[in-house]
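What follows is a set of structures to go through.
Look at the two complexes coming up: chain A is in both, with chain B in one and chain C in the other.
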Partner chain A sequence: MIPNVAPAPADSAEPTAAAVLPKALRQSAVKKFSGSKLFASPASVAGVIWLAVLVAASLTAPLWLPYKTEDQDFTAVLSGPTAAHWLGTDELGRDILSRIFASAAGTLGTSMITVMVAVGLGTTLAMLAAAAGDRVETVISRVTEVMMSLPGTVIILAVIGAVGTNIPLIMAILGVLISAGMYRVMLGQAKSLQSQLYVDAAKVDGVSTLGISLRHVLPGLANTIVVQSALIFAVGMLIQAGLAFIGFGPPIPEPSWGGMIQGASQNVYNAPWLMVPTGAVLALTVLSANAIGNALGKAPNATASHLPSAAARRRRAKAVAAIAAAAPAPNDSAKNTLSVCNLSVGVDSDGAGHGVRLVTDVSFDVEPGTVLGLVGESGCGKTMTALSLLGLLPSGVSVTGGQILWNGRNLAAATDKDMEGVRGREVALISQEPMRALDPMFTVGYQLTAAIRRLRGMGRAEAKAEALGLLEKVGIVDAARILKTYPHQISGGMAQRVAIALALSGRPRLLVADEPTTALDVTVQAEILSLLRGLVKDTGMSVVMVTHDLGVVADLCDQVAVMYAGEVVENGRTDSILDNPRHPYTLALLAADPHANHAADMPERLATISGQVPQPKDWPSTCRFAARCQFAGSACMVPVPLLPSGTGDGLVRCVKADELAVEGLDWVATDVPSHHVLNLVEAGTAPAGPAKAPAGLERRTVEKDHA
Partner chain B sequence: MALFITKRLLMALATVLVVAVLAFLLVHAMPGSPGAVSLGAGASQEAIAEVNQRLGWNDPLLAQFFTWLGAAVQGDFGISLIDGRSVSADLASRLPVTASLAAGATLLSAVLGIGLGVTAAVRGGMADRVIGGVCGMAVALPAFWIGIIFVYLLAVQSSVFPATGYVPFEASPQDWALSLALPVITLAVGGAAFIARQTRASMLEALQQEHIRTLRATATPTWKILYVHALRYASLPIVAGIALQFIQLFGGSVIAEQLFAMPGLGQAVQNSVSTHDAPSVQGVVVIATVVVVAVNLVLELATKFLDPKLRAS
Partner chain C sequence: MSTTTSVRPDAQRPAAAQPLLDVKDLVVRYGRGRKAAAAPAAVDRVNFSIAPGETVGLVGESGSGKSTIGKAILGLQKVSGGTITYEGKDITSAGVSQRRALGSELRAVFQDPNSSLNPRNTVGSSLAEPLRLRGVGAADARQRAEDMLERVGLPRDAVDRYPSQFSGGQRQRISVARALICDPKLVVCDEAVSALDLSTQAQVLNLLADLRDERGLGYLFIAHDIAVVQFLAQRVVVLYRGQVMESGPAAAVTENPRHPFTQALVAASPVPRPAEQAARREARESLGVRTGAAAVPAPGGCPFRLRCPLATDLCATERPALRTVGGSAVACHYA
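Let's look at the complex of A and B:
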C-alpha cells in the first residue's frame, strides 16, 4: 500500500535532441523549474484547474454547500443523483456532494504534510550527502536502503497502534518513510550539481558548505522537487484514503473519502452508484497531481532510439516510397562504386524530415578499393552523412533528398527490409566508441558467431572457426580466449579490433568508419590505422572514413571531402588538398592541426578557429563559414556554389578561392581582425547585400565587436 | 561475489534487528498496559497489576526487550492478550495466505506489466498512447475501489468467482485458486501499471544504446534485437522494479484481505492494532519484515546475477 517513490521511470530517458544534435546543443542534465512546461500539456492544465477548484470549493464549503455533512434526509436514503441531492445520498441519507467537498480540504492538507516531510527530509539528506563526502554518503545511503526495504504499511499500522489515528502525525511519519525514495531520486543530481566548476570556484572563494548547498545546489533541484512533490502528493492521498477505508480514518461521523468508499462498499449490492462519486473525485485528484508531475518531468521519449518503433518504421516506409517514386531510376553505375549525389538529411518535425537540415546537398564518389575521408569539426554533419549510407540514421532524423547509389541501387530510397540485405553483407560499420558498440550482455564469441552465421549462412562449428580466423586477421593473438570474454573485460583497442572483425564478418565491399580511432590511446590509434590500411589492401574494399584528424587523412585517404555546417566545402585528392588547400576552412583546419604541419614549416603558434560551428537551425543562406572566416567580405554574403577549384577534379565552395590561391594567403594565428568584422556588419546593412541578411550572423559579429 | 552476498546478508540482518527494536518500542508506547488490554474494561486494579506482574511488564525495559528478543529468535512471539492463543501459531497459519496473495499479485503484475511495457516501447504511436493512458488511470485508482468494482462485476453480477473468503490449498487446489483470483487481480492492476512503466522506460533506454546500432549494422533481425538484446539489457532495471513492487503488494495485502475477508497477516495487523494486542503486533511486524527483506535479497541477487560485470567479479 505504501509505494516506494523510487527513481521515477519517467526521469530516466535522455531528452529527444540529445542523440540528434551536436553536443553544444544538449541541455544540461539538471533542468530549472519552468512554469511554461506546466501549461504546455492539456492534461496538466486540467489538473491544475481541478485542484484549484477543489481547494477553493472545499475552503468555502460552509458558504455554498446545500447540506451540512451530518444532515440526514430519511426520505432519500441511498438515492441516486436527484435535483435535491446532485450526487445522491448514503445509507443514512447524508448528501454525498456535501460530504465530498467538506472533507476535501482536510484530505489535501494532510497529504501536503507527507509531501513536505518527504521532500524536505529527502532533499536535505541528498544535499548533505553530496556536500559532506563519501563517508557520510555511504552512511545515509545504507540507512535509506534499509528504510526502502521495510514493509511500510505494516509499520504505519503499528504506529497507529501506538499513537492512535492522529492523521497529521501519521502522514508525517509516512513522509519519513517515503523520504528514503526521495533521497535516491535527488542524490545523483545533487552530486552532479555539487561537482560543477562554479561550485568549486565558490568553495575557493570561501563560501560555506551550507551557502553552496542553498545557493547553487537547491535551485538546480527545484524542478525535481516540484515533480516529486506532485507524485508524492498523489501517493499520500491514496494511502490516506486506504487507511480510512480499513477503519483508521478520522473519528466516525466526520467524512473522509476512504471512509465514504468503505461505506459505499457495504452497500455495493443495492446501491452501486455510491461507488462512483467518491471514487471519481479521488481518482481525478490523484490523476491531476500525477499529470502535473509528469508534465514537469521529462517523459521517456522514443526518438533517441537506435531502432525506430514500428510506427516510425511504417512512416519511413511511406516516405521512402515517395522518394523512390520521385527519383529517376538510377543509371548503371560501376560495380562497387559508391556515388552520393545531393544528399540532404533533416530532423523530422512533421514525420518526413522537413525540420532542421543537418546535411545539405552533399555529393561525393568512392571508387572500389579507395578510401574517402570526411573531415570537419563536430557538428558538421559527417556522422549523419556516414550513417545514412547504411540507413542507420537515429530515429527522428531521415534522408530528405538526393541519392545514395551503390551497385545500381539507390539506398536512400530502399526500405528497411531491403537495407537488411545490404547491411553487413555489402556495407559495414565501425563506430567511434568500441566499448559501447558491443553488447555488454553477451560474450564476444556469441556476438561474432551470430553475425557470421547470419551473414554467411554458416553452421555453428564453421562459424566458430571463422570467428577465430577473423580475430586473428585483425591482429588478436589469443583469439580463443577473447571469444569467451565479455566486452567489459577487454581493453578499448582490443574492443575496436573485435568491432572491426564484426564489421568484416559479412565480407563487405564498403566499410563506413565513424572516427574509429578517436576514443583510443595514441599508440593504439596507430595500430588500428595500420590494421585498416592493411585490410583495404588485402580485401580491396572501399572505406568512407569520418574523422576530424588530418593526420589520419594524410595517412589513409585517397580522397577528401571537407565538410562544414552540413555542406561539402572542398573536395578532391588528398595530396592536392593537403598541399594546396583552397578553402579558408581547410586552411584553418590545417593551420590548427599539429600533425598536419611538417616539422620544417611548423609555425610558432598554432592557429585557432575562433567561435564554434553554428547550430543547424542557425545556418545562414550565405557562406556558412563567413562568421568565422578571416577572409570574409561583402562578396561572401550570397549563397556560394561548389565550383571546380582548378587543381585536378577538385571542387571548392568559396567566392574568394581564386584570389586566395593567387595571393597565397595563410590562416594566421590570431582572432578575426576587427576590420573584417566591420566589413561584415556593413555587408549586413548595405543595400548591395542580400535582401535579407541573417539576423543571427549580424548579432554575433556585433557582439564580437563589443568584445 | 561471496563478499557481496555476505555484506547483503549482514544488511538484511541489521534491517530486521532495527525493525525489532522499533516494534518493541512502538508497542510499549501503546495506550494501556497488557493487563488492562487482556482483562478488558471493568477489571479491578489488582487483577490488572497481577497480570502485568506475570507478563514482566514491570521489569526494566532493556530486560524485557532481551527476554522478548531471545524468545522471538526461537520463533516464540508470546501469547495473544485477547484470545490467549500462541502468536506464532496464529501467524504461521496466516503467512501462507498473504504469501500466496503477494506472490500471485507480483507474478501477474510482472507478466502483464512486462508485456504491456514492451508493447508500448516497441510499437510506439497509438499503442503506446493507449497503454500509457490505461496505466495512468490504473495507478490513480485506489486498489480498494478497483477491488469493490471487481467484486460487484465478477462475483455479484456474474458469480464466476467467490466474492470473499479463502480456501486453503490443502482443502482444494481449485477453490484455492478461485478464492485468490479476485484479490490477486485487484492488487495486480496497480502493480502491472507500475511495472509496465518501468519496462517501457528501460526498453527505450536499451534501444538508445549504441550497440543496438551495431546489431542493425550486422543485419540482426528486428525481433532478435528487441526480444533478445534489448530485453536482456532492460532486464536489470525491470527485475529491480519487480522487487520494489513486491514490497508494495505485500503491504497492499492489508487492504485486499480486509476487502475479501481473507485470514492473512494483513488482517492480523489490523485486528491486533485495533485491539492493542501487543505481542501480536510485535510478531506480525517482525514476520512481515523478515519476509519482505528475504524476498528482496533474493531478487537483488538475481539482478546481480543478470549483470555479466558483477557476475564475473
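Let's look at the complex of A and C:
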C-alpha cells in the first residue's frame, strides 16, 4: 500500500564527465531550480493550472457553491449531469460538484502533511548521516531499513484502531513511514555533496557541521526535494482516498474523495456516472502532481538524446558521401602510413553551436614505426583530431571535410560498418583513464581472451596463451596471476599496461594514445613510455600520441604537431621544434613549463600566456593566437597559412616566424606586478651582489642570490 | 633539517626561533579495529617544520600520504599519533572553536577547481564566507572580496557571477583569493596547479609566488610534480608509502638526490629537451629501480626495499633513520 518512491534522476552534485560534447557546447553547470523548468512542458503547465484552480475553488467554496455539502435533493437521487446539478447527485441526492470541491482543500492539505513529514524527516536524517560519519550513518540506515520492512497498511490500521480516524495524524504517520525511502534517495546525494572540496574549505574556515549542512548540502538537495515532494504528494492523496474508500475517511456526513468513490462503487450498476466526476478529479490531481515532479526533475540537457537523431544520421551520411565525392580517389600511398589532409571536424547536432568547427584544416603524416605527438592546451582540438582517426567522435560532432588516408582507404568517408573492420584490428586506442577501457564486472583474462577471439578468430585455449603472451609483452611479470584478477584489484599503472595489451590484441598497425600517462605517477609514466617505445621498435607500428606534456613529447615522439585553437600552428621533427621553436605559441609553452628549467637556473617567474584559449565559436579568421601573442602586430591580422619554416622540414603558421628567428626573441614573463619590477630595478642598481639588472625586455634572466 | 641554505633573495626573512608549523612523529591510520592497526599506516612517523614565510614542498607518488598530511594539518583527517603544533599551540585534535580561531591564519587551496567552489553560490558569497564567519559586515566583506579578486587578476564584478562562468584557471585564482582573503600565515596547497594547463599553471604559480613575497606567507606545497615544487619551494620533503625518504633544500634534493627513490623520482620527470631527455632516460634505466607494481612490503624495515637496487637484508629488518648526507636528511642505510 505504501509504494516506494522512485529515486530522483541523478542530479549532478558534481559536473558529470561532460566529455561527450565539446566544451563550447557544455551547458552551464549551475542547474538552479527555476520556474522556467516548470513552464517548459505543457503537461506541467496544465498541472500547475489544475492544482491552482482546485485549491482556489475549494478555499472559496462557501462563496460560490450552489449547494451545501449535506443538502439532499430527493427529487434527483443518483441523477446524471443536469442544469441543476452539473455533475449529478449521489444516492442521497447530494450535489457531486459541491462535495468534490468542498473536500478538495482538506484532501490536498492533509496530503501536504505527509509531504512535509516525509521530506523533512528524510532530508534531515540524510544530512545528519552524511555529516556525522560512518557510525551514525550505520545506525540510521539500519533503523530506516526496519521502517521500510514494516507493513505500512497494518501500522496505519493499528493507529486508526487506537486513536480513531484522525486524518492529520494518520497522514503524518504515513509521512514517517515514507521518510525511510526519502532518506535512501537523499543519502547518496548528501554524501557526495559532503565530500566536495568546498565543504572541506568550509571546514577549514571553521564552519560548524550544522552550518555546512544548511549552507552547502541542503541547497544541493533542493532539486531532489522538490521533485520528491511532488511525487509523495500524489502518493499521499491516493492513500488518503484509499483509506476513505475502505471506510477510514472523515466522519460520515463530511465529504471525502475516497468516501465518494466508495459510494459510487456501491451504485456502479444502477448509476455508473457517479464514478466519473470524483474519479476524474482524483486522477487529474495525481497526474498533475506527477507532471510537475517530472518537469522539475528533468535534467536541463535531457532533451538532447545521446543517440544521434534520424535527421542527424541522415545529415552525417550525406556529409560522408560529400566528402567521398569531393576527395580525389585515394592514391596508392605507402602501406601503413597514415596521411591526414585538411581534416576539419565540426558540430552537426541541432541546437546551439550547429556548424561550429572544432578542428580546421589539420594535416599530418605518420610513417610506419614512428610516433607523432599532438600537443597543445585543452580546448585546442587534439583529442577531437585523434578520435576522428578511429571514427569515435562523440555524437553531434563529425568530420566535415578533408581526408584520413590509411592503407588506400579514406577513413573520413568510411561508414560505421567499415570502421568496425578497422577499429581494433588496424587502428587501436588507449585512453587517459585505463579503468574506462576495462569492464569492472569481468576478469582481465576474460576481457583479453574475448577481444583476441573476436579480433583474431582464435580458439579459447589459443587465445588464452596469446593473452598471457600479450601481458608479458607489456611488461607484466606475474601475468598468470593478473589474468585472474578483476580491474579494481590492480593499480593504475598495471591497469594501463592491461589496457595497452587489450589495444594490442588485434595486432594494430596504428595506435592512437590519448593522454595515456596523464593520470599516472611520473615513475609509472616513465615505465609506460619505455614500454611504448619498445613496442614501436619491436612491432613497427606507429603511434599518434595526444599529450599536453612537452617532456613526454621529448621522450617518445619523432614528429610533433603543435595545435592551437583547432589548427596546427607548427609541426616537424621533435628535436628541431623543441630545441628551436619557431611559433610564438610553442615558445610560450616551453617558457611556461617548469620542467624546462634546472633548479639552479629556475627563473623568478615563469612565462605565461595572457588570457585563455578562445571558444571555437570565437575563433577569428586571422591568426588565432594573435590576441594572446607578445609579438603580434598589424601584419598578423590576416589569415595565416602553414608555411615551410626556414630550417628543417617543418611547417609554421606565423607571419613573423622568420623575423623572430633572426632576432632570437624569447617569450618573457609579462604579468610582472608593479612592486616586483621595482624590486628588480633596486636589485640591479645595488652595486654589491651578483644580481643583474634585467637586460631589456627581450632577454630577461634574473639570477638568484644564493646567499 | 631546519637550515635553509638556498633561499630566494626576497623570500628571506629574519629567522624566527619558533617554527610556524611543526609536525612531529605524525601517524595517520585509516579505518578502525585490529585489521587497520595491522596494516601499514598511511602516514608513518613524519617530521618536518615550516618557518614563517617559508615554502616547503611535499612530493611523492599517489598513495604516499602527502595529501593525508595536508588534511591532518587542516583538521580534515583524524590523527592517530604524534603532534601538529602551530605557532607553539598544539592543534593535533583542535575542536570546531579552535579551528575557527585558526581558520583565518591557516588556509587551503585544493586541487580541483571544479569542486572547490560551491557552484550554487556566487563567487562573492564564497569569498565572503570566511569573513562573515568572523563577524565582518556584508558591505565590508564584499569590498574585500572585490579587492582580493582584483589582486588575483580578475574583474571586480566577478563577485556577482557563478563559478561555472569561469575557466579552470580563473576558478583556481578564485580559490587562491578565497584562501588569502583573511590574511593567513600558512596556506596548504594540495596539488593546487596539477589540474591546469601549462600556461594557466604558470599564471597560478606566479601568483602564488607573488603573494608569498608580498605578504610573507608560508606554504605547504603538496604536489606529485617535482619540477613544480622546485619552482616554488625552498625545502622539499620526499615521501614514500607514508614515510619521509629525504628532505632538504630544494636545489639539493632535486639536483643532487641522495635517496634511491628520490633519484628515481627526479629521473622520471621528463624535460622538454629531446637530447637531454634521452640522456636522462638512460640514466633512469641504469638506476635499476624496480617497478612499483611489486607486492606491498611487510611492515618494518624500509618501505622502498622491494624496488631498491641497493637493498640488503638489513633494509628488511631495520627502518633507516633520517641522517644528514650533504645538505639533506636521507632515510637510507646506503645513501
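By our rule, the second predicted complex is superposed on the first by the 438 of 707 C-alpha atoms of A that agree within 3 Å, B and C clash if a C-alpha of one lies under 4 Å from a C-alpha of the other, contacts with A are read in each partner's own complex, and residues count from 1 in each chain.
Just so it is clear, contacts are C-beta pairs under 8 Å (C-beta built on N, C-alpha and C of every residue); 3 or more make two chains touch, one makes a residue touch a chain.
All of these numbers come straight from a predicted model, not from anything done at the bench.
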Item to complete: Kindly classify A:Ser208 by the partners it touches after superposition: chain B alone (first), chain C alone (second), both, or neither?
Response: second
Worksheet item: Which of the two partners, first being chain B and second being chain C, lies in contact with A:Thr518: first, second, both, or neither?
Response: neither
Discussion item. By the touch definition at the top of the document, which applies to A:Asn336: first (chain B), second (chain C), both, or neither?
Written reply: neither
Discussion item. A:Val286 in the overlay: touching chain B, chain C, both, or neither? Say first, second, both or neither.
Written reply: first
Worksheet item: Which partner does A:Leu438 contact after superposing on A: first (chain B), second (chain C), both, neither?
Response: first
Discussion item. Let me test your reading of the model: by the given contact rule, A:Thr415 touches which partner, first (chain B), second (chain C), both or neither?
Written reply: neither
Worksheet item: Taking the superposition as given, does A:Ser192 touch the first partner, chain B, the second, chain C, both, or neither?
Response: neither
Item to complete: Applying the touch criterion given at the start, work out whether A:Ser363 contacts chain B, chain C, both or neither, answering first, second, both or neither.
Response: neither
Worksheet item: Which residues form the common part of the chain A surface touched by chain B and by chain C?
Response: 14
Practice prompt. In the complex, go through chain A and note every residue touching chain B.
Written response: 1-4, 6, 9-10, 12-14, 19, 142, 145-146, 148-155, 157-164, 234, 238, 241-242, 245-248, 258, 261-262, 264-265, 268-269, 272, 275, 279, 282-283, 286-287, 290-291, 300-302, 304-307, 309-312, 390, 392, 420-421, 423-425, 428-429, 431, 433, 436-442, 450-451, 454-455, 486, 488-489, 499, 502-503, 505-506
Practice prompt. Note which residues of chain B are touching chain A in the complex, please.
Written response: 11-12, 14-15, 18-19, 22-23, 26-27, 29-31, 121-128, 136-137, 139-145, 148-149, 151-152, 156, 194, 197-198, 200-202, 204-205, 207-222, 225-226, 229-230, 232-233, 241, 244, 247-248, 250-252, 254-255, 258-259, 265-266, 269-270, 272-274, 276, 281, 284-285, 288-289, 291-293, 296, 308-309, 312
Fill in: Touching residues (chain side chain C, partner chain A) in the complex
5-10, 12, 61-62, 71, 74-76, 96-97, 99-103, 106-108, 110-112, 114-120, 126, 129-130, 133, 153, 162-165, 167, 169-170, 175, 178, 197-203, 205-206, 209-210, 213-214, 224-228, 230-231, 250-251, 254-255, 264-265, 267-277, 281, 284-285, 289, 291-293
Worksheet entry | chain A - residues contacting chain C, complex | 14-15, 28-30, 32, 196-198, 200-209, 215-216, 219-220, 377-378, 475-477, 491-494, 521-527, 529-530, 548-555, 574-575, 578-579, 588-590, 592-600, 602, 604-609, 612, 669, 671, 673, 675-676, 679, 683, 691, 704-707
